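Pasting the structures in now, so scroll down.
In the two assemblies presented below, subunit A is common to both, partnered first by subunit B and then by subunit C.
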Partner chain A sequence: MVAVFSICIYFYPNISFSQDAPENENNEQHQNAGHEDTGDFDVAGTILDHIRDHHSWHLWGHTSIPLPVIIKTDKGFEAFSSSKLSDEHHQPVIYNGNYPYKLVEGKIKIMNTDGSVDKEASAKVFDLSITKNVVSMFISVFVLIIIFLGVAKAYTKRGVTSAPSGFQSFIEPVIIFIRDEVGKPYLGHHAPKYMPYLLTIFFFIWINNLLGLVPIFPGGANLSGNIAFTFTLALFTFVIVNVSGKKGYWKHIFWMPGLPVGMKIFLMPIELLGVFIKPISLTIRLFANITAGHILVLSLVSLIFIFKAVAASAMAVPFTVFISVIELLVGFIQAFIFAMLSALYIGMAIEEHHEEDLII
Partner chain B sequence: MLLEINPLVLPDPGLMIWSALAFLILLFVLGKFGWKPIMKAIHEREQGINDSLATAEKVRAEMAQLKSDNEILLAQAREERAQILKEAKDIKDKMINDAKEQAKDAATKIMADTQLAIENQKMAAIVDLKNQVGNMIIEVSEKVLRRELANKTQQESYIKQLTDEIKLN
Partner chain C sequence: MVVGSVAAIGAGLAAIGAGIGIGQIGKGAVEGIARQPEAANEIRTNMIVAAALVEAVSLFAVVVALLGNG
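== the complex of A and B ==
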């Protein structure tokens, strides 16, 4: 509980500080639009700004870590620091590379000479930048490799006769949990073959969920709440399911046994659709759960700014603490569900069907 | 149209490529250097624990077996001891009885011998006494006869008397 409270103590001031930049930006936008600055706080804009990806890593106030921007246009690859895309007030400015680039709502766009977005040219920009999410992902990969190589070393050094100690004793039950609750029930004797994938995907999602809940530097990126990330992981499951799919799996999709011919034809498109719906459901489940958690926490903190009263924190902070604790649980559950459903889909694909069982 | 409106649900291809790369690196590194030794070690440990439990169970059963064996042995020993004691007692009784019998026989024999000897002695003594008495009679008779012959008449009367007496016997 102490740890949770300390996270929240960090969380509150960090959020309050980090409002500055987007608030200014919004104010700027208001002014640009010709409106009077009413001082109203744009809740939706702030929250969406927090949960989307960034080309730089905002730390506090006006301090940000510039990250490398890598873009490919029809003139080839180009790399430069993201600090060139914003001025000292963190307002987007035009950087003249192969084209004049500018950040518009977080995306790199090619500008026309008159200051408007060249939509046709912008569509050809392929953004491979090391964004905040990519850095966060590399940090999580690094942390996971450090942790698990350390644990593996502990096993080889201390042998199997001694009881696990330290971090090993924390990791081992989780690994056994994944093996016994995810691997064995759905994959049976095939489990050992797929365990590395399931364990990797579980710990990769879990650590990114947890890092997303940490509001200060190494965390804070909404990586596992980003649809590109969840979609990529679901794509891996999709590929594994369809590559390892046995004859029975394909037969059940295209020519369902034990049914009249009419039903077979009727079920074919539905089953085929199901093949693609499975990874899409994985994608959206993880994305929506984690993003919803972030939005909820940010909304509760935003109450203070909506009411413009410090007293509102008396209600907002305990609620934020409560939701953050729930999010810790959700982070674990979603990682577990992703691994479990991946195992389930793989298990359904590699299952050996017996014809006599199907004719009921 | 919704996908175009909200960039939140539009997957960014750059991030997808980096995600795929990062995940593949993680899968490769952990698969090769992490999961393999960890899963092997966990499997070995579980195997070891199962083996140890099985061994413990086996040893326990063996101990129970040994204990019951010991009890059987003990019972057998106890029975044997009782048997031996009983036999010893029987032998003792038998020896005592035999000795008694022998003693009795010996005593009877001695008694018989003694009686026989006494009888013999007594007979010898009687014979001797008879002989002595006979001799004494003969002597006395001689003396009497010698005295009587001096007187003829008397001798004749005496002889007659004797002869009468003998007839009476």
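== the complex of A and C ==
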């Protein structure tokens, strides 16, 4: 309930806009809201704005935390606060650094003197800013370090044979679960070598999924629903799979044993494509699941503003709570599936094939 | 007045496909549990994983629909 209430606070500027604004103030409000074009509540625009990365962290109403902007242009690096890019009404304004910068649809662009975007120069802007997603990642890394250093210390202090206590009792079954359900079935006796990676990726994705579901400050960033983030994680798996791939793995890609020569040549490009499709499917699976979850929750809350009636919340709030609970499960399952498929792909790569079994 | 795009039809078709897929998984799991109640936990875990994999494919379609819409 607290969570849903907080989402409503999140929408506050739009509530005041779509419900209470008298006619004569409407035009002014339009300009303030930016992405609103008509008198109706712009559902798609608001939702996409909420699942996007931002240069500042919106807290409530007109309060937001400005975050540092770090950009590299051909005149070198430059850093300034993102508060310089918007005025008190949250409207983007031009900041004159090495170039005149302005936020256009959330991205930093270089402006011409006549107010249009200088596309050629903007393409050269290399944005290394500490954005909302980056801050969210720092928070989750910090939380993970606190949890796991504490748990690791408890093991060194009390030994591995004594019963776990405190937070240790929560983490230990999860680690055992990943070891028994992910590591051992797919990696066999190689499991201990890859367990640190599998556990890291599992807990990192899980905590980011959970933080993404918290609508108030420390959470709320759509980090694991960001395709660059999931792509990076899939890239790790891709590198590990291909670096640890044994002779049999490469042989099955380029020269499938036990097949006629024509079939071997036919299968080669397909298998080679499969090497790249695996990490791509990992990327899109996590990205799509988490983004879809965020869109669902936001759509259900938006129902209240679409119907412009408080009574709609009688339906929207229980549904939102229901979907949020489902998303808690999805957050766990997707982290588990990412770790499981990583283990599966690594297991396929390090497997020692027995060629004589394959020849028909 | 009906306003929409082909992307919405695509998203709907993806939902039909995922519905059939998850239905089959649920059917298989329930039948399996009825035959072998002692394996219920293992079957349930595998069911959830398979359902998540099917769901992911439908979500690919939703993402494509969203991109096509934008």
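Here is the rule we go by: the second predicted complex is superposed on the first by the 320 of 360 C-alpha atoms of A that agree within 3 Å, B and C clash if a C-alpha of one lies under 4 Å from a C-alpha of the other, contacts with A are read in each partner's own complex, and residues count from 1 in each chain.
By our rule, a contact is a pair of C-beta atoms (placed from the backbone, for glycine too) under 8 Å apart; a residue touches a chain by one contact, two chains touch by 3 or more.
Small disclaimer: the values here were computed from a predicted structure and weren't measured.
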Side-by-side fit of subunit B and subunit C on subunit A, or clash: fit
Partner chain in contact with A:181 - subunit B first, subunit C second, else both or neither: second
First, second, both or neither for A:104, with subunit B first and subunit C second: neither
Which superposed partner A:196 touches (first subunit B, second subunit C, both, neither): first
First, second, both or neither for A:79, with subunit B first and subunit C second: neither
Which superposed partner A:333 touches (first subunit B, second subunit C, both, neither): second
Winner by number of subunit A residues touched, once subunit B and subunit C are compared: B
First, second, both or neither for A:216, with subunit B first and subunit C second: neither
First (subunit B), second (subunit C), both or neither touched by A:291: both
Nearest-approach distance, in Å, of subunit C Cα atoms to those of subunit B in the combined model: 5
Doubly contacted subunit A residues - partners subunit C and subunit B: 48, 287, 291
Touching residues on subunit B, where the partner in the complex is subunit A: 7-20, 22-23, 25-27, 29-31, 33-42, 44-45, 48
Residues on subunit A engaged by subunit C in the complex (per definition of touch): 48, 181, 284-285, 287-289, 291-292, 330, 333-334, 336-337, 340
Contact set on subunit C toward subunit A in their complex: 45, 48-49, 52-53, 55-56, 59-60, 62-63, 70
Touch list for subunit A against partner subunit B, complex: 48, 51-53, 70, 105-107, 126-131, 133-134, 137-138, 141, 144-145, 148-149, 151-152, 155-156, 160-161, 171-172, 175-176, 179, 192, 195-197, 199-201, 204, 226-229, 231-233, 235-236, 287, 291
